[in-house]
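In the two complexes below, chain A is the common chain; its partner is chain B in one and chain C in the other.
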Partner chain A sequence: MNLRTARALVPLVLVAVVAALPLVVSDRFLLKVFTFAGINALVVIGLALLFGHAGQVSLGHAAFVGLGAYTCAVCTVRLEWPWLLAFAAAGAVAAFGGLVLALPSLRLKGHYLAMATLGFGELMTLTFREADPVTGGVDGLGGIPFPDLGPFAVDGAATLYWLVWGVAGLALLAVYNVTSQRPGRAMRALHGSEQGAQACGVDIVGVKVRTFVVSALLAGLAGALYASVVGFVSPSVFTLAASVTFLAMAVLGGTGSLAGPLAAAVLLTLLQYIDALIPGIPRETAQTIQTYQEDIYGLAIVLVVIFAPGGLARLWRRRPRGGETA
Partner chain B sequence: MDELLQFLIAGLKNGSIYALVALGFTIVFAATGAINFAQGEFFMLGGMLGVFFSELGLPLALAALAAIAVTAAVGAVFELLAVRPISGGDPLRIIMVTIGGAVVLRQLALHLFGPDERALAPFTEGASLKLLGAAVERQTVWIWALTALAVVALAFLYRRTTFGRAMRATSIQRDAARLVGVNTGAMVTWSFALAAALGAVGGLAVAPLTQTAFSVGAGMGVKGFAAAILGGLGNPVAAVGGGLILGLMESLTAGYVDPLYKDAVAVIVLLVVLFVRPQGLFGGSGRVKV
Partner chain C sequence: MSLLKVRGVTKRFGGLTAVDDVSFDVFEGTIKALIGPNGAGKTTLFNTLTGFDGPDEGSVLFDGAELVGRSPRDTVRAGVARTFQNTQLFDELPAGENVMVGSQAHQRRGFSAAMLRLPSVMAEDRDAREEAGRLLRLIGIEEWVDTPAGDLPAGIRRLVEIARALATRPRLLLLDEPAAGLNATESRELVQTLYRVRESGITVVVVEHHMGLVMEVSDEIVVLDRGRKIAEGPPRMIQKDPAVIAAYLGEAEDEGG
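Moving on to the complex of A and B:
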């Protein structure tokens, strides 16, 4: 078997491993950790599209996750909509929020979007906390039902895991198709040189706006899944710190790649729950990691951008090239 | 009428702080062409270091000076360590580094000073002053005085000194400045130090009124940036005007609509200005096109 077929097999093996995980892992909490990894992966896939392919930064993705989570919660708990409809509404509301932010910010050259999303994030945190009649205020909103897909009951740890990773897998497939075809080439072109891309007939504003809306949509869907898995939403979850976490995952994962950010999302999520993953780990070590978690994300962003702008994806891509010449 | 005057005073008070932060954005933008996301953290560091030094027993004036000096040094070191290695490259990378750096600075403040809100003593004790029937806290007068002083000092620096001319030359045309012998790298470092010092002055001046905490930087960053954009990014005079106008808009919204919407004003201003008039209120017609 030559190297090329081996490389082609890697995604299939990974899919099999991810799909089979609940059959091996029986611990419910551990399975929930892997479910959270899938939710984060869904957000980071969208962010990787935005950052790694279109060269834009969002500091407010937790707010889109929050918008999705609260939309799902309000639609199922207060309006008693069917789950699938609430799920779709969550995506639609987040996508619309993305459109409102993207239209003014992305018309111009420069990185105004990053600041607009930072402000939007602060504003949404405030809204979740203060709009008591709708969001339940600081106490949050509970009693969110499990996902209901008609004939399939999704109420156990394993089925929730499969649903989350199923959605993440579909999103990955869709985004991969986008990036490997004309829109993806347009994105990479404008990442390289906006003037060059424009000269080649790329509608640069349109591409950037659509990319941002798609990434907000995925974040909204991830939020709806989060709300349904946990059954409870509160404002303390969807903060700037969470947005920075998502950004760190995308940056660490690397530009121009989806596999890298996906791996980074899973790894950094597992790091948060390292005590569940490695039961024998000393308490102090786990606590130190948790205390300095945000420092790690901030430093990771700085160090990766300075020393390894390609991120994890670059390490992975370099190896087979070396193998071929050998 | 008295009520309106009170709102105007409050607006000009907060607006002065936004002006100081906006000036910091403007200075770094002029030098590097990038938005410095750590600018709000310099504001936070000024207040927190001021509290720290005064709790060490330093007299307030000395504590304030020490806080400004240390924050300026942090700004310079930040530029040397994180921005210098990638200078001249993609502005996206500079922005990312300042985002990561902002997180690191905030976390450092959290580990060093703890998670609690801290208060700084007012610069002068005493009852509020009366102005045409409205009350003006003494600290507000301090804020205005310090902002005015900072603006005058900055104008003097930029217009009257060789150093300031070198800074301006660097921001207008970096290569040309280097050709005539300006150390452009050092100018970028100085602009970070200066921006940090201005942020620190703002953080110090407002700390006795609002208290401060490790987490106040990001929110102030957004407001300062909205002020800078409102005036016109890259123009120091416009930054001050933008700050004052944003402060007035906020206090009038809080007074006549609902205090709850006060913090929404900056974000809405930011989006509307970007959409309608990206060169800012005081900018020329030179719209930044792709």
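Moving on to the complex of A and C:
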């Protein structure tokens, strides 16, 4: 009974810690790092659903983040839409992009989706760079306003942090609801045996497409938040390297879990800014880590896939279980 | 009443005719067995009945409605459930949740409703859980409810798959070699399960190698050999049929035993 109470308390304590962070941390840069961690977490929650539960690989999620970021930028800067509308549009455009990509590629078997997402990612990077009149080309698009939620001005480091983690928290809750109920069971079922799932009347293509669209939607919202926090978007951000980073977070975090990928997203984001977090760290060490960052991720994916397919999540969970872990 | 009318079903793979102009009826409330030596086309025929494979010719009428051309999903939603020769369970999910997936054949609530945790979704989930428990009790394997399917013994896996098929609420249940890998005790339990399934008003078609079991449970038998139907009738008649004996003796010689 005590153990159960303790387990129920863990999420509450975590929420409290995440929420209270800006009250403790006053350094604006550090707070921004934690805000970026929240943005990455939002992307990785969607990827955890796609990869960890439905067993689909996306090598192009940065493109959906980019779609969201550019949509938000164009809507606020060029069209002067209210922020909330631009934010919703960013999610909608990314979700639509996900639908357009998923519908044809998910009808095929095997790794076609991974290949299609890779191609899609490259195509989008190219588009962001070349569609000058809309995207600003290589120079990017600046002057994106801070989020505006009507009566609440979101322009300080702390309020931005709260907004980002608030959205991530809601996304986590929604995705947890999906994974812990019927759709999540359908996902794990078709991951286990497509034939068996078909024999149960599971709409295989439907489940896969919906999963993909939801994860693209979350990536798009994350992109809009990124654009609004930074105030500037440029094509160099939404590249294959970024897609691999997101995938590394999801893989490291582990399959069948949401807490694992979430933790991995935060840890790997903080790793990029290790010099700001640990002031005493030697300059060279920090630089080495930052230089070889992508190599570290690539290596981490390979090592996890070979030696610990369960990822971080399996470290505190001994046997594979349903979706009861969040 | 004839629940399933199979008419002239033919399936070719390249030059090989795996199922050759096979016709038979399955009457409501009966257990019909499909037997035949290895390679006789039993599983291929099963796949053409359940939407996993389309026949090249022929028609399959279920309660008057054409099944040919339907997806596996539409077939199961029409009331025809199946199991597989190589059990297709979801190894990461516990036995109980495997059965719950079967309930999805007749559930409505989907993605967005689940996301918002609507009460209707919770209610459907609860119903599916209760039904899964009831079905596992019916089959007599309720003690395995929380065991991940990947950890179950082979015999129990077959029974869980039957429970999962029943959770789709079928009128017709197709079982592909349900006794394969079962020991004598488990086979006897399977026989009891099949009787209970028939009692609950579900018609059963079973593909089986295990002759004793087939002769015991089936009301009628269809014998296939090299894709063709060579005999059809009640077990007593089939046992004496010269064509059937020849087909099986042939197989025994081929296998050297």
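One rule holds for everything that comes next: the second predicted complex is superposed on the first by the 317 of 326 C-alpha atoms of A that agree within 3 Å, B and C clash if a C-alpha of one lies under 4 Å from a C-alpha of the other, contacts with A are read in each partner's own complex, and residues count from 1 in each chain.
Following the convention adopted for this analysis, a contact is a pair of C-beta atoms (placed from the backbone, for glycine too) under 8 Å apart; a residue touches a chain by one contact, two chains touch by 3 or more.
A quick note: this is a predicted structure, and the numbers were derived from the prediction, not measured.
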* To do: Have a look at where A:Gln198 lands relative to chain B and chain C in the superposition and call it first, second, both or neither.
  => both
* Check the residue A:Gly298 against both partner chains and state whether it touches chain B (first), chain C (second), both, or neither. => first
* **chain B versus chain C as contact partner of A:Leu101, first or second or both or neither** => first
* First (chain B), second (chain C), both or neither: which does A:Ser26 touch? -> neither
* Give one of first, second, both or neither to describe whether A:Val214 is in contact with chain B, with chain C, with both, or with none. => second
* Could you say whether A:Thr285 touches chain B, chain C, both of them, or neither, answering first, second, both or neither? => neither
* To do: Answer with first, second, both or neither: which of chain B and chain C does A:Leu247 touch in the superposed model?
  => first
* To do: Overlap the chain B and chain C contact sets on chain A and report the shared residues.
  => 195, 198, 204
* Can you list the chain A residues touching chain B in their complex? -> 55, 57, 59, 100-101, 103-105, 107-112, 114-116, 118-120, 122-123, 126, 130, 194-195, 198, 204-205, 240, 244, 247-248, 251, 292, 294-295, 297-302, 305-306, 309
* Structure fact -> Given the complex, residues on chain B that touch chain A span 34-35, 37, 82, 85-86, 91-93, 95-97, 99-104, 106-108, 111, 218-219, 221-222, 225-226, 229, 260, 263-264, 266-267, 270-272, 274-275, 278, 288-290
* Which residues of chain A touch chain C in the complex? -> 174-175, 177-178, 181-186, 188-189, 191-193, 195-204, 210, 214, 256, 319-322
* **Interfacial residue positions of chain C with respect to chain A in the complex** => 50, 52, 71-73, 76-77, 81-84, 88-94, 97-98, 100-102, 104-107, 109-111, 114-117, 121-122, 124-125, 128, 148-150, 161, 164-165, 167-168
